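Structures incoming, each one as structure tokens.
Two complexes come next, and they have one chain in common, chain A, joined by chain B in the first and chain C in the second.
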Partner chain A sequence: MYSQGLIGADGATEETEEFLAKFQARIDREEKIEPNDAMPNGYRKTLVRQIGQHAHSEIVGMLPEGNWITRAPSLRRKAALLAKVQDEGGHGLYLYSAAETLGVTREQMTEELLSGKAKYSSIFNYPTPTWADIGTIGWLVDGAAIMNQIPLCRCSYGPYARAMIRVCKEESFHQRQGYEILISLCNGTEEQKQMAQDSINRWWWPSLMMFGPHDAESSHSEQSMKWKIKRFSNDELRQKFIDATVPQAEYLGLTVPDPELKWNPEKNGGKGGYDHGEIDWDEFWRVVKGHGKMNRDRIKDRKKAWDDGAWVREAALAHAEKRAARQTQHAAE
Partner chain B sequence: MSAPLFNALLELADDHLILGHRVSEWCGHAPLLEEDLAMPNMALDMIGAARSLYTYAGEIEGEGRDEDQLAYLRYDRDYKNCLLVERPNEDFAHTMLKQLYFAAFMHPYWEAALQSSDETVRGIAGKSVKEVAYHIRHAGEWVVRLGDGTEESAQRMQAAVTELHPYVEELFHMSADAQAAADTGALPDREAMRTQWTNTISNVFDQAKLTMPEVEYPQLGGRTGHHGEEMGHLLSDLQYMQRAYPNMSW
Partner chain C sequence: MSNETPLWEVFIRPRNGLSHKHCGSLHAADEVLALQAARDTYTRRGEGVSIWVVPSKAIFASDPDQAAENFEPGVDKVYRHPTFYDIPEEVGHM
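Take a look at the complex of A and B:
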């Protein structure tokens, strides 16, 4: 899953012109920046925020899909869903590790998530009331994530770029398993088809929102593009996603819930593409600001897991200390 | 059709499905991220074993029932799992202890099943024996950490022992079907696992500073479908889609 990169990111730098010019020259030569390299403070802060948001999105993203593990309709689907949700947790772990190379700890990041200071992708603030949502999340949400993440494999920051290579391979598998769930529904009974259509009706627009605000509204995008943290603009990626996804919906026999959606042969420099309706930006900002259907529940669930698990983490530490003390004592004897 | 082997395979399959279900309930809610990865892994192992066992049971039955029909479409009294595996997760101490108790039984069981007269059972045992060795290690290490951790964790761990120990005896209990399957050499004799189980648990408990309670009145009944109240709620979740939308492919 994906973090809605850079909402509220502060890329301000204080370094000298000469330092910044040398750093930019490295970026322009497509050199990878590594953890021990000198980097502008703004670059570091932007990455910490973006990778942190991304990691949190993976972790919070386990909840809406985890909601269906015990109720999956077949053992095959149950096993695939378990493996998928586990993958998302694994992505969270890589990404926290990548962020830690920038001098922030996983605990700090977790505290920021639980206090509401750190953001995660708004898409996870929508509920998964039906089984079809498990298919739709794989197809649309992971599909949008891939569109966002493939360019991140070439991100200028080495640890992030390398983590994204593995993440993208797994996301691609998730996207296909989601689509396969929907193929089963769309080849099924009338109830199953309705379940699939209802699901795309609810997830289409939030999926488009995953690419973030319009380029003109995305205030920190320009600096991130210059630093090659970001390679394509929000609107470019959104258009690519729509163009790739609409034919997939047609194959399923599902209707994309956008009456203004129309093929335009002139678009994309004559290659053709879809014109589409406007996103409800009021809804976008409402959910980003914490007023979506599931915002409070998601944080409450994460907080409960963290608080309920405190005694376990404390015991593990206490036990490790006891063992170390016993070993020291043993060695002294 | 060999009714005793079919029923004995269902006992095993239900144990794995129901414990896998319980472990899967933790996914996304674990005390630390590493456990959010480890628990789905164990759940996948358990559900994977259940799938092989149901599939084989269905073949033996010869009435065309597949893994999903056996896993999802029986009434509560027809599930033959032991009571231990259906117990609620409660806290992390209960969950790890339950996993350890079960794995400490299944490891010698699958080792013995490697010598089964039945080729499919030998195949399932070959895969499962490796997985369950890891479960003993993982759950055993946690039981030690929690038993010999803080005052609170030691209390919680001992409370879990007191709570779950009465369910242990049923692991060794031989139903008539299990006995018939053992007599043909297809499945091991459950009673024969007692010594190894006790050795594994004693070893962990010594390190964890836990005491093994004497159980005067063991809890039995799962093998004959006499389940606790929690089982119905578990099945409501498990069977929801198959019951609400019958006869559909997913």
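Take a look at the complex of A and C:
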């Protein structure tokens, strides 16, 4: 029987019409593609980029919230926030591991994040000046992430799909703990309610941008849908998110900062949905290109964490080498 | 002693899309023979669509005597579960 290593197998394929058609037929049969399967180079590249970006987002996403752990207003809130941020670190790990099955190394991905070559979600380049932001992030940002991630559980690439199932399971408390924070604030003093409203005013539009550019402007979308890496278009997911979220804002007695928001009974094939105002795509691209409020700080913090951790990684490797040498010596005696 | 045939752990993917799951072990001289033996032993009745074999000596296990200190801390952290948070029913599923 022919055997092959799991990581680092030669993924080069000759992309004949016949090969591509056969691959597409597997996708159309809803078969999962696994690391050792033959796959088009474009499929591999798209996944490496997407899973890498997703992993970076989880890790960078720990920064704006981690910033509040020591200042959480109660032990209950502190335990919840600590647990959430810890989960996000785990999500980063599952995703990096899924990307590694495609032949990219962790070192490569880390380097690309720190050099600015690899992107992460634009949402994490906004600051978190108030405690209400922790509530809003859980509710809106994790809410948008969940909306994105649920269809990814059915992604055609096996390791990514399985990582997403795990992530989604853990993710469900993140949104609830955020919304609970907002309920408390909205039941509090006028000042606390104002703090919640101000926070939604700042996070609403950036959350809608998390779904990416309009379908017409989204360059890789069509091929990704055909390969069943994606199941819904950016605009479809954004619409679902708006329709689910607006009533939740109403329950809080808060408003979303969109004067053009209006219920439209004709939308969604007669089920009804919200029409909304135009997204400021200039802002989106500005932030994506590195000119958001926090881009520089985020990368600076990640770099510092990486550099400060260097001696620990080196020491652990040196220790492991020493132990291995001692064991060989032991065996020889 | 040194002529013992090495031990391998066998992992089978039961169906397309699922993870490999540990299903047993066997002795074989190298990975090629291990895969062959695993196929003949563990997949005779359609149990799987893919096999992994791993040298048993490459697997390190947690100490069973430390199970309590390792895993009990994960049991009482109720705030890691969605049901810990009070979301009124009117808000709907979240």
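To be clear about the criterion, the second predicted complex is superposed on the first by the 319 of 333 C-alpha atoms of A that agree within 3 Å, B and C clash if a C-alpha of one lies under 4 Å from a C-alpha of the other, contacts with A are read in each partner's own complex, and residues count from 1 in each chain.
Everything below uses one rule, namely that a residue touches a chain if its C-beta (ideal position, glycine included) is under 8 Å from a C-beta of that chain, and two chains touch if they have at least 3 such contacts.
Just so we're clear, the structure is a prediction, and the values are computed from it rather than from any experiment.
By the document's definition of touching, of the two partners only chain B reaches A:A315; chain C does not. In the superposed model, A:Q248 makes contact with chain C only, not with chain B.
Looking at the shared chain after the overlay, A:R71 reaches chain B, while chain C stays out of its contact range. Once the two complexes are laid over each other on the shared chain, residue contacts for A:A79 go to chain B and to chain C alike.
A count of residues in chain A touched by chain B and by chain C gives the higher number to B.
Judged by the touch definition given at the top, the superposed model places A:Q329 against neither chain B nor chain C. In the superposition on chain A, A:K32 makes contact with chain C only, not with chain B. In the overlay built on the shared chain, the residue A:A305 is in contact with chain B alone; chain C does not reach it.
After overlaying the two complexes on the shared chain, residue contacts for A:T16 are found with neither chain B nor chain C. Overlap of the chain B and chain C interfaces on chain A: residues 76, 79, 83. Chain contact summary for the complex, chain A toward chain B: residues 59, 62-63, 66, 69-79, 82-83, 85-86, 89-90, 92-93, 96, 106, 131, 181, 184-185, 187-189, 191-192, 301, 304-305, 308-316, 318-320, 322.
On chain A, the positions that touch chain C within their shared complex are 1-3, 6, 31-32, 34, 76, 79-80, 83, 87, 143, 158, 161-162, 172-173, 175-177, 179-180, 183, 247-248, 251. Residues of chain C that touch chain A in their complex: 13, 16-17, 19, 31-32, 35-36, 39, 50, 52, 77, 79-82, 84-88, 90-92, 94. Residue ranges of chain B in contact with chain A, taken from their complex: 17, 21, 24-25, 27-34, 36-37, 40-41, 43-44, 47-48, 50-51, 54, 67-68, 71-72, 91-92, 144-146, 148-150, 152-153, 156, 237-238, 240-242, 245, 248-250.
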